[in-house]
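Both of the next two complexes hold subunit A, though its partner changes from subunit B to subunit C.
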Partner chain A sequence: MVNITIDGQQFQAAEGQNVLQAALDNGIEIPHLCYHENLSSYGGCRLCLVEITRGQRTTLTTSCTYPCLEGIVVRTDTPEVLKARRLVMELLLPLAPEAPQIQALAREMGISEQRFTEEEADNCIRCGLCTRACTEMVGAQAITFSGRGYRRAVESPFGEEAVDCIGCGTCVYICPTGCIEMLDRGTQRTLPKWKRTLELKKCTKCGWPYIPFAQIEFARQRGQEPPAADWFDLCPNCR
Partner chain B sequence: MEVKEIDQVMEKYGSDPADILGILMDIQEKERYLPRETLDYLSKKLDLPMTKLYRMATFYEALSLKPLGRHQIHVCMGTACHVRGAARILDKLESQLSIKAGEVTPDLNFGLKTVNCVGACALGPVVQVDGEYHGNMSALKVERMLKKYSGSENKEAE
Partner chain C sequence: MVGFLETVILKSVKERGGPVFRLNSVGELEKLRAEISEKRDTGKPCITTCLGTGCHAYASYDVYDALAEEIDARGLKEKIELRGTGCHGFCEQGPIVVIFPSEICYCRVQPEDAADILAALMEDKVVDRLLYEDPVSGQKYEREDEIPFYKNQNRLILGQNRLIDPQNIEDYFAQGGYKALAKALTDMTPEDVLAEVKKANLRGRGGGGFPAGVKWETTRQAPEKEKYVVVNADEGDPGAYMDRSLLEGNPHLVLEGLILGAYAIGAAEGFVYVRQEYPLAVDNLSRAVEQAQGYGLLGDNILGSGFNFRVRIKRGAGAFVSGESSALVSAIEGQVGEPRPKHINTAISGLWGKPTNLNNVETWANVPFIIERGADWFNGIGNEGNKGTKIFSLVGKVNNTGLVEVPMGIPLRKIIEDIGGGIPQGKKFKAVQTGGPSGGCIPEQHLDTPVDFDRLQELGSMMGSGGMIVMDENNCMVDVAKYFMNFLKDESCGKCTSCREGTKRMYEILEAITKGEGRAGDIELLEELAWVTEKTSLCALGQTAANPVLSTLRYFREEYEAHINEKRCPAKVCKALIRYTIDPEKCDGCGRCQRNCPEEAISGELKSPLVIDTDRCSRCGICLEVCRRDAVVVE
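Let's look at the complex of A and B:
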């Protein structure tokens, strides 16, 4: 454990834990969009900027990628920090102008008008939560970032059908802008962004088509604890 | 690319994850692009998800998923070259080859690209062909330069 100071308050934190998590654990809010406690830190959205003083040096840096070290002093609310974050938010906003979570966060940060525009806004802010969730949580590794700089996008390989996608929907749930669609029609689930359509298995009791066959197969083969043979016969409601 | 050739490249590197870029670059050099089938084979052989290979192939400027020209022409558009008329040279190249920057001629002999500085500002305007620098370029010199490389293609064909 190391001693750190956040906004004048003393805390104990595990050494090496990221500053953002330490702050959140102690009830100090720092806005963030690309961080999730169960995924590796990425530092992509730049919203969690804070001022960190270590020894004589003070830097403006992303708290999700900065490790807790003995004696560091973190400030989350100096005028510089707030100003920098506001600019980041203003740059994120035009990428996903219609996403409720982004709009709410922008309002919270006092942004009332949109200064910048993006012609090809696709509602994706390139936070990489979906790709990291798919790789680290699910393990399917079906989608990825492609390109670099302003050409960067989240894609299935070659922009074709994501053949490794099991249709679990983790990317859909974790996306902060809601730019990934998942449509269940009859016994088919479609994820248009990954050009993927999967057959759903029906619950043997209530008949609800609730899980893709590909996901069952994946859980059986790659799951840490292979579920019982009849586990997937019933949907969560009937189990 | 023959499976045997890919295996040869992979032998050189082993199967460490850090060696993937080397493997991809060697294939790029041999084939002038990364064929889809080769990536499929690599993905299976190295037990790597295709997403990882695709991510690298699209990230690095040195790698391409589409065939590049036998001769890659890089027109420097850096500040020094720009003020000395790089745009005119690019125009000339585009009209001579009937392609736009970023494209490849239908016979795959020439590929045309713009770069933002090749670090030879004193020679500006600079055009780089297959790593060879052509300094003090002008629209007039473009034709002669192209002829030189078209010639080598004929030799290759014989």
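Let's look at the complex of A and C:
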């Protein structure tokens, strides 16, 4: 454990743990969009900026990528930090102006007008939560970033059907702006963004088409503890 | 035992030129060097043709072939040597042919000049019409080193380019190649090599200017045993080609530096990350690695010293950001070239988490000279805190464009006026852009500033890797900022919101200003965006991306204001803000402009003053160029 100071308060934190998590664990709120405690830190959205002093050096940096080291002093609310965060938020806002979570965060930061506009906003803020969840949580690696700079977007490989997508929907649940759609119609599940359509298996008891066959196959082959052979016959409600 | 791979390599080296045998000791290397020197009759004339990329574009391969045919036709194959070399640097005057030992330099040589060159050579004469003529004084120069462009330089690193066929290791041996390595392996411990580089105060030539020796020491002292050394050859600044010319023209120099670094640091494996867009550099470097392996200068037990070191070449796929150290590490590992947070330096945790020392091509090329001639000698070049030379690619509105190597600390003015020969057509100097896209523009009043890492930074620009773009009164600084911002918005990797969106928004604002759609408050908004991009981005690309805007605002704010407030482009560049008209007093109605206008926007009776229809005019400027009476006016 190491001793760190956040906004004048002393805390103990595991060495190497990221500063953002240490702050959140101790009830100190730092806004963030691309961070998830079960995923690797990415440092892309730049909202969790804080000021960190280590020895003689003070830097403005993202708290989600900065490790807790003995004696560091973290300030989460200096005028510079707040100004930087607000500007970053202003840059993010036009990408997903209708998303409730983005609007709420912008309001909290005191942004009342939108200074920049985007003609063709696709509601994706390029936070990369979906790609990391798909790779690190699910293990399917079905989607990734493509393109550079402002052309960067999350896509299926080569913009064609994401053949490795198992239709589990993790990307849909984790997306902070709701820009990934998942539609279940009859026994078919479609994720239009990944150009993927999958057949669903029905629950043998209630008949609800509840899980893609591809996901069952994936769980059997790649799951750490392969479930019993008849586990997927029943939906969660009927088990 | 010779492994399968080695056999293949030896075979391919044999196929690619001459007998190959392994050198098992420093003594054997020196013996080979003596044999090569003896074999080369120094009295025999040698015609060299630059086959670097600049001259290649001027068809220097045709010149080379024509010279070869002419030598053959005259039956002089035994009496005259013909050699294709790397870039001489004076690209403006290409294709360049230099004859040794007289060092007579011919410029802009065409294949049909071959006969005259040979005839003159046989009669000990000079082809006067092919000599370099100073555009200002009109004076002609015979020898390459007399030409003002070369005379004012100190071509330490680039100097061998003109003497060496980069595909022939014997040429490098003949110039004293691998002497530094031999010295290090026999007389110096790795600690000695490191100490010498530290003492030489060699600073990283890739732009950062960080002391190379300190970086080496960090990697050397890192606890992990497995270490790597890397040549960063991902040169990507628009208009810059120093590293390219070095790799193309003298690949063994860079390799020797790398081997020395590996020896000092304790690395057994090295990588060269080079752009795929540099095909000749990739080719020459690959040959050089094969040749060095064949001679036992790479591989196991180098020169019988017990030191093992291998080099692999990784080709980049053309991302500017991959030149950033942590992105380059990702790219070599086979991942997307994207910067990572580096609270722990790549020097300690780089490739596959192992200590990795990255240096730029030019930095590595300095090392053999430092080891061979000593740190004290090196410290005699340059100014306080900035030792040695620096190569710049001098381009833009300057008479002599090309690669320039000067001791650090010489004034900018000397580079632009003495070496560069000033601004063409008597135009007025306006600014020089240094440091590539993330650098800045330096105006006239700072031209006497010594060029070094620290002083350029004080002026709001930077040394960068050595790009130098000269601009005259016809360059609009808002347009220049827009150009660089366009490059940066395309080359940002897109990870950080601040860099991805910040560069895009700054570009949008700059574009609006140049279109005459600028609004009050735009300058302040640009400053805000510049601040957030600089302050909150992860890597150096984002942190410096605002420099083109900040430095033009710092020195040329009134140009921005003229665009925004008066809808006027003072340099008469921004098409939306200028108008072409014809002065009826001067126009004699000759109709040249009318015939050449692609928009058919010029009308009127011949032999009487013509009129431009502003609505149809696309502001291409052809009328201005073709008018013989200066009757076309831009306002």
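Things to note:
In the analysis below, the second predicted complex is superposed on the first by the 239 of 239 C-alpha atoms of A that agree within 3 Å, B and C clash if a C-alpha of one lies under 4 Å from a C-alpha of the other, contacts with A are read in each partner's own complex, and residues count from 1 in each chain.
Quick note on the criterion: a residue touches a chain if its C-beta (ideal position, glycine included) is under 8 Å from a C-beta of that chain, and two chains touch if they have at least 3 such contacts.
Predicted model, so just to flag it, every value in this text is computed and none were measured.
Superposition note: with subunit A as the common reference, subunit B and subunit C are in steric clash. In the superposition on chain A, no contact is made by A:P97 with either subunit B or subunit C.
When the shared chain is aligned, subunit B and subunit C each come close enough to touch A:G147.
Of the two partner chains, neither subunit B nor subunit C is touched by A:P209.
When the two structures are aligned on the shared chain, A:P157 is found in touch with subunit B, with no touch to subunit C.
Partner contacting the larger number of subunit A residues, of subunit B and subunit C: C. Residue contacts after overlaying the shared chain place A:A84 against subunit C, while subunit B stays out of touching range.
Comparing the two complexes, residues 145, 147-148 of subunit A contact subunit B in one case and subunit C in the other. Residues of subunit C touching subunit A in their complex: 319, 321, 336, 341, 343, 489-498, 500-505, 525, 528-529, 531-532, 535-538. Subunit B makes touch with subunit A in their complex at residues 36, 49-55, 58-59, 65. Put simply, subunit A touches subunit B in their complex at residues 131, 135, 141-148, 155-158, 163-164. Interface residues of subunit A facing subunit C in the complex, by the touch rule stated above, are 41-47, 49, 60, 62, 65-67, 80, 84, 87-88, 91-92, 95, 115-116, 125-126, 145, 147-152.
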